[in-house]
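Naming follows writing order (A, B, C and D), and every chain is counted from residue 1.
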Amino acid sequence: MYNDDKLREKCAIFGTFGASSEAARLAYYSLWSMQHRGQESSGIATSDGKKLYRHADFGLVANVYKEEHLQVLPGHMAIGHNRYSTSGGRDAIYNQPLMGNHNGFSFGHNGNLPKTDKLERFLSKHNVPIDELNDSGMMAAAIEINIRKGMSLFDAVSKAYPLFEGVFSSVAMDKDSLVVFRDQHGIRPLSIGKLESGYVVASETCALETIGAEFVRDVKPGEVALIDERGITSKQIKEPKLKLDIFEFVYFARPDSILLGKSVNTVRENFGRQLAKECKLDVDVIIPVPDSSVPASIGFSKESGIPIEIGLVKNRYINRTFIRPTAELRKRDLKMKLNPVIDSLKGKKVGLVDDSIVRGTTVQQVVSMLRSSGATEVHLMITSPPVKFPDFYGINTPRQSDLIAARMNEKEIAEFVDADSLHFLSYEGMVKATGLSEEQFCTSCFTGIYPIPIGKNMDSISYEGGRPVNRAKRHDSAIHRSEASI
Amino acid sequence: MYNDDKLREKCAIFGTFGASSEAARLAYYSLWSMQHRGQESSGIATSDGKKLYRHADFGLVANVYKEEHLQVLPGHMAIGHNRYSTSGGRDAIYNQPLMGNHNGFSFGHNGNLPKTDKLERFLSKHNVPIDELNDSGMMAAAIEINIRKGMSLFDAVSKAYPLFEGVFSSVAMDKDSLVVFRDQHGIRPLSIGKLESGYVVASETCALETIGAEFVRDVKPGEVALIDERGITSKQIKEPKLKLDIFEFVYFARPDSILLGKSVNTVRENFGRQLAKECKLDVDVIIPVPDSSVPASIGFSKESGIPIEIGLVKNRYINRTFIRPTAELRKRDLKMKLNPVIDSLKGKKVGLVDDSIVRGTTVQQVVSMLRSSGATEVHLMITSPPVKFPDFYGINTPRQSDLIAARMNEKEIAEFVDADSLHFLSYEGMVKATGLSEEQFCTSCFTGIYPIPIGKNMDSISYEGGRPVNRAKRHDSAIHRSEASI
Amino acid sequence: MYNDDKLREKCAIFGTFGASSEAARLAYYSLWSMQHRGQESSGIATSDGKKLYRHADFGLVANVYKEEHLQVLPGHMAIGHNRYSTSGGRDAIYNQPLMGNHNGFSFGHNGNLPKTDKLERFLSKHNVPIDELNDSGMMAAAIEINIRKGMSLFDAVSKAYPLFEGVFSSVAMDKDSLVVFRDQHGIRPLSIGKLESGYVVASETCALETIGAEFVRDVKPGEVALIDERGITSKQIKEPKLKLDIFEFVYFARPDSILLGKSVNTVRENFGRQLAKECKLDVDVIIPVPDSSVPASIGFSKESGIPIEIGLVKNRYINRTFIRPTAELRKRDLKMKLNPVIDSLKGKKVGLVDDSIVRGTTVQQVVSMLRSSGATEVHLMITSPPVKFPDFYGINTPRQSDLIAARMNEKEIAEFVDADSLHFLSYEGMVKATGLSEEQFCTSCFTGIYPIPIGKNMDSISYEGGRPVNRAKRHDSAIHRSEASI
Amino acid sequence: MYNDDKLREKCAIFGTFGASSEAARLAYYSLWSMQHRGQESSGIATSDGKKLYRHADFGLVANVYKEEHLQVLPGHMAIGHNRYSTSGGRDAIYNQPLMGNHNGFSFGHNGNLPKTDKLERFLSKHNVPIDELNDSGMMAAAIEINIRKGMSLFDAVSKAYPLFEGVFSSVAMDKDSLVVFRDQHGIRPLSIGKLESGYVVASETCALETIGAEFVRDVKPGEVALIDERGITSKQIKEPKLKLDIFEFVYFARPDSILLGKSVNTVRENFGRQLAKECKLDVDVIIPVPDSSVPASIGFSKESGIPIEIGLVKNRYINRTFIRPTAELRKRDLKMKLNPVIDSLKGKKVGLVDDSIVRGTTVQQVVSMLRSSGATEVHLMITSPPVKFPDFYGINTPRQSDLIAARMNEKEIAEFVDADSLHFLSYEGMVKATGLSEEQFCTSCFTGIYPIPIGKNMDSISYEGGRPVNRAKRHDSAIHRSEASI
């Protein structure tokens, strides 16, 4: 249970120009506030207008940087990056920000390029070997080639932009300019803030808040923006077709962040309220799975009038070096991640609220814990629809066959997790609760509609079987449209 | 604000006999679940019936132990310790468990001995130098002397017990016996659980829950208990006069722990309910200071009917190596520990719930943050009475002059923290909310009544001034009684 | 005295193709045997025919690599590098082998480019920033540019070769070819050996010996050689004008290495014999300064018939972390690097043999130690001529003004070091003792004749004063010739 | 070959009182100069007259101590220790100096107690468990017991002295006195020096020399000496029966040390001269095995008139982390420890000089290397007699069955190592070369005569077979005498 059955965001990015003479420290506090978006490695590159500096390593922000590191990261410009890698490939050469052109520029990327054919052809034409390059590395290499042709960083990025097929919220920096850009659909968030006489950009607004910056606007889908001493210069490379990943609202973003003008906390409370409207439960108490399900639980409690209780306490302080239980101990009733609060559970009919189900293994253990703590009934309420499709846009999801909702219907899942009943928030309810229109979202995990072509990955996806896909017909046209637009 | 203005528990202890052939692993998971009681260092000693083994180091549990360490801690017996040291004295020789008599026995201590005169005389008589020994070291040395006189560990502890003037919940172990003992007033908790055919003891029941042990009973105040292959053998050295530190309910203990048969979470919810009864507020929303004030806030919300909202989000991932902001950055509006959720605050009259006030500096910053996030009024509700006296029983408190409630009345504190109003839970209300009688508690932080003599420390305490001490007359008799009893 | 007053070689390089399926291990043992040529950092890059791998860090070979590092350096090809940096610039980005073209090729360099004008112009033309590039970095960047133009590594190096003005014995590798090359004068050594069905190259033949390879031939001055599965393909880019640094014989090379067909040990013994011929001494005993002067001392002893004794013992085990004596201790008679053997010294007239004098500070302390150990006379014999000029070809020398022989004549130096007499090996004697012709050597440290233009460095050199330069006229023509040749 | 086939000294000790206000630094430089006597761990304890301080860790002196460690080791008194442990038991609790009586005193020991019956009985009587105590730990525990009885450190050591059956050169310290003592036979060296107004003691005089102290005298066998502010107070506990381990001259001691008034370097040169007298060789050149055999080789060369050459060069820079060759590489002609100097060997009849043979495996590889380097004949000259018996007095020897000279005669050994001839220095010649009388030495490794009873170890020793023991009859009486004396 210590191994969280959660989808994981791959990255957080940050950039600043002129907001502080200690840009590295702004990056430090910002990256730390976005630690939830990437916990495997962290890096900062800075510029003092003359040359670039960099420090990156594996670990949490608070471990990666010591005072001595910040002191050798001088300058009024910085970009930063937290990373959560997908697969085994734990190799320092992938830690970001990447450096290019012999430390002449630096690059950070949040997202994923499911197709890299064009990019690979471009690199090969310029005799860059692609064997050790992941998607971020290829993007940096393409920009570098343009720089070597004599382009400014702004031009180099703009010129390379059409080669990037997929999802990217990115920052790039040379010694005197910061360039930020986002894919045409804006699937990952990226916001601009103002601080003193300069600017900051960050994946989430909680970072702006943390360092005292004022929110200005989001980087527009399809936009490349140059931030330098003359301010912001913007170029719209592609027509914006906003498709923010709705999972940012469901689980990824911090509750104190604001996405598309909406408070994440409020939207989550609305998810709870909406679910309470869709599903009338006869339970004594609402129990949130901490921490992420607390806002939705409050919403559910308010709407339904059923009291909320703290019924589960989270064990914190787990890190990479945490030792897994041995076989002998696993047989025992070890409670690694959550402990029950007996008083809140004993003899009660419990409404357990969680934000999503991926594999179903964690919630299965939670239900079992509630029952052995004396809960007489456990009704599981999920404040999002079933996750039936993997993500290819920068989230670490298991294969489709490991997604429990791709294999089972609600009844089967309820049996699997041993819940007395199971209720998902409806797709329409979820969208409605955001206060935004469906068109503004990428909902691929729920619908299988991939707004950006995912290339050969498409072969691994199944839309068949007893599990009819929501709005599958729209999917086809979506694919059609998005392919046409590139 | 990153430097938490909280009282800190000094230690967690653990012991086991016969509950697992991998006793070190039980200790590991138990100490990890009690990480909140001591975060500076951790140590485990084990015995395989033939000799003792030990590993201890500075850091969190998840950092101190690697698999290789657990593998060289064999045996079916273990004691363990998490430590939070009081002052600068960060020296490995103070890390516990201590080893004595040439690794013939091991000792762990949660508590504090405010007077050590008797103990020092005993040690000096036996030519043990006391220059480098803290209170725990002196206890171990006294036990060692008795062992060398030929006593069993059980007898050695029992015989030394009267030398220990102060607060101690302790574990001691030699190669084939575990001895646990607690001071006459039981100021720090210590519970016994059953697991398989053996026993475990732990400072809090959350540790028993974590490893799947069943709660049996508390170690009695004044009791010395031997746990070995014959089971539990108990000796009542002093008449029990229970005085559990009421602050365990207020703040220290984990909400999923049970103290004196009461759920900590439920008692905290009752604190909130009771405060709502005592104080009718006209606010739009209840905002808890996370994480510790959530249960009381839920109670307040339920009792008052005022809705609860998530208005503050905690930045986690802070550790020892976290870099403090520079002077330049401190001038900015940096939000180190808490970030506001604007939606929950803007344009609202806020009831802010916190569990206690020590120096008042943290809550001052929180109120300021709420106001700049748009709260129109901020009413501060503290779910415990004013902390007017320092602790000498194992808690890390500042000097009395640094306790804001020792210097200011409610109105002055409200002004200092810039709250529109400030309400403390009444002393009587706090006690009532526990469902237990006042006699069962040490309430020295609130009342200045010290059930165990604190020796020369008494000179540093003031009971005068405009701040009349609650029940000061009872204090005198308490001191009288407790001194007589030793 | 712990801070060795010695000239320091800057680097050792190594390369192999096809000699072992564990090429990284060959590199490891080879670099370790050439530890004396670079002790600050070490690095190995390998290729398995598909992609490149690299590990490098600060420290000695035995510290830099752990088994786990070698295991992630697969392949039958490797290059390696030991580094001794010149000045403060201790920055990991300068550790070699360097990686270029997005890990598409790797590069290691022993030598120094005193002029980089051409190279800088070439890089700037291709928009490569040179601010953070040292001479090695610029060489790698130029090769990379050619690779990106579509050239093979062999062609890319050959094409870039004319841009390299200075001293270089270098190795470069891409995924399936190893390219080794050496400047027109071959100032630093580089030898090729055969091992199994493959090849190895190394700065010194002691590395070939260590891994059991058979010496084949030296890389020729002006040659670029491709080593791949077809064997060795060679191109003579510039006409060879051999000028091996004679200091390799004097001090740098290991005694078991062979340079230009001559045993370093034998040549050193000859230096001693020759000095004995030039200078008839009336002393009781010959005392070598360990370890480097032992061979020459043996030669002196044999030629003169004066017995050799161990009179000085070296304190080993000094490393980077060694703690310097405090001011108080420095006043004492601390013996940090060498201890005297009283029996060998007391009451004796001593002939002290050292290989060279740079600043004169170390030998001054040694003479003082011999006297306080009872030596009645100390005659200092240096088995090389006076070092009057700094090096610009890859050796770490102090400024000319710090070279004692640039400021003082023999008599003055003898007084400075408190020797009864001082004798340098004559320049002609030194050359004669090598058994080779003067034309084959770079002798700039002794003569000020720089066979390769040193650019603006020339302004810092003085040929005037009481210290007439040996063969100064030849110097002019040498400069003339070498400049013309580029 | 990297795994040195050498006997290893177990320890170096050091002590000082009043010689410097920075006693820890004196200890540091002294221990560093005695690094050859113990390379596994190092420790220093100091006293400032008020309390004791200590730092110890695994590693070489230059690695164990950082400036920060020395700064928290204040005071004018110190003891220090380098350790080389015998067997697997690599556990920090055995690192010395040991601390006793709750950091009230500290203890360091060079030597070994082959019998501990008396000591164990004493400790058990005082209820000290002996399971985790090695011989040094038991000595410390016995002293501690006496201190707790109220004795001064001087008296506590003197009173415990008769319990110590075996070999010990030891230092002990409490907050204001230093006590040094040596077993009745003085098998390990221990010398006193004067420095400023205070004293230092060290295992070898090279340490006195290194820190500028003047040799005063050896600690006498059987003496306990108190060094404090009143100077030296001495007590002769047992009648001195000097039996210095002759192996100190053969191999252990540094050549610049002085033992019993004799220069180690000179004695080794005499070993070589004596062997040259005993054995007329027809060889072209004398080749020493570096470094230890150089003095004897010089002696041999002088006496025989056969020239000495550097024929073997040592690879330095090996440390604990050095990576062993894989199976594949071991098949190659890897030269890990020594490289040949071909010029000195090719076509020559070689006289190879080594100081001793233990297992014979190293010299076997050396002979093979000489032959493949072109030596036409290899005659092996060992400047000590055959090692036929293991040591029990503080040296790390293999079991008797692993000593090649205990299993084979000279001819068989010559065949085993593939030498054309093999010559050991005669026992009488060795003794004569020291200039001292046989009675002053422990020669157990050569003769099997153990001056101090070795208890049950005696059962593992064989005196039979084709290898008659030198002076076996004297052996019996020696045992008789020494047993009687205790």
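One rule holds in what follows: a residue touches a chain if its C-beta (ideal position, glycine included) is under 8 Å from a C-beta of that chain, and two chains touch if they have at least 3 such contacts.
Treat the numbers as computed from the prediction; the structure is a model and nothing was measured.
Fewest steps needed to get from chain A to chain D, stepping only to touching chains, is 2. Taking the mean Cα position of each chain as its centre, A sits at the greatest distance from chain D.
The distance from the centre of chain B to the centre of chain C, each centre being the mean of the chain's C-alpha atoms, comes to 64 Å.
Separation between the centroids of chain C and chain D, computed from CA atoms only, is 37 Å.
One finds 53 Å separating the Cα centroids of chain A and chain C. Residue positions of chain B with contacts to 2 or more other chains are absent. Going by the touch rule set out above, the chain pairs that meet are A-B, A-C, B-D, C-D. The touching residues of chain B, counted against chain D in their complex, run 50-52, 93, 101-104, 126-133, 137, 141, 145, 147-150, 175.
Those residues of chain A that touch chain B in the shared complex are 20-22, 25-26, 28-29, 32-33, 35, 60-63, 65-67, 70, 195, 206, 209-212, 254-256, 258, 263, 265-266, 269, 294-295, 298, 302, 307-310, 313, 315-319, 321-323, 325-326, 328-329, 332-336, 339-344.
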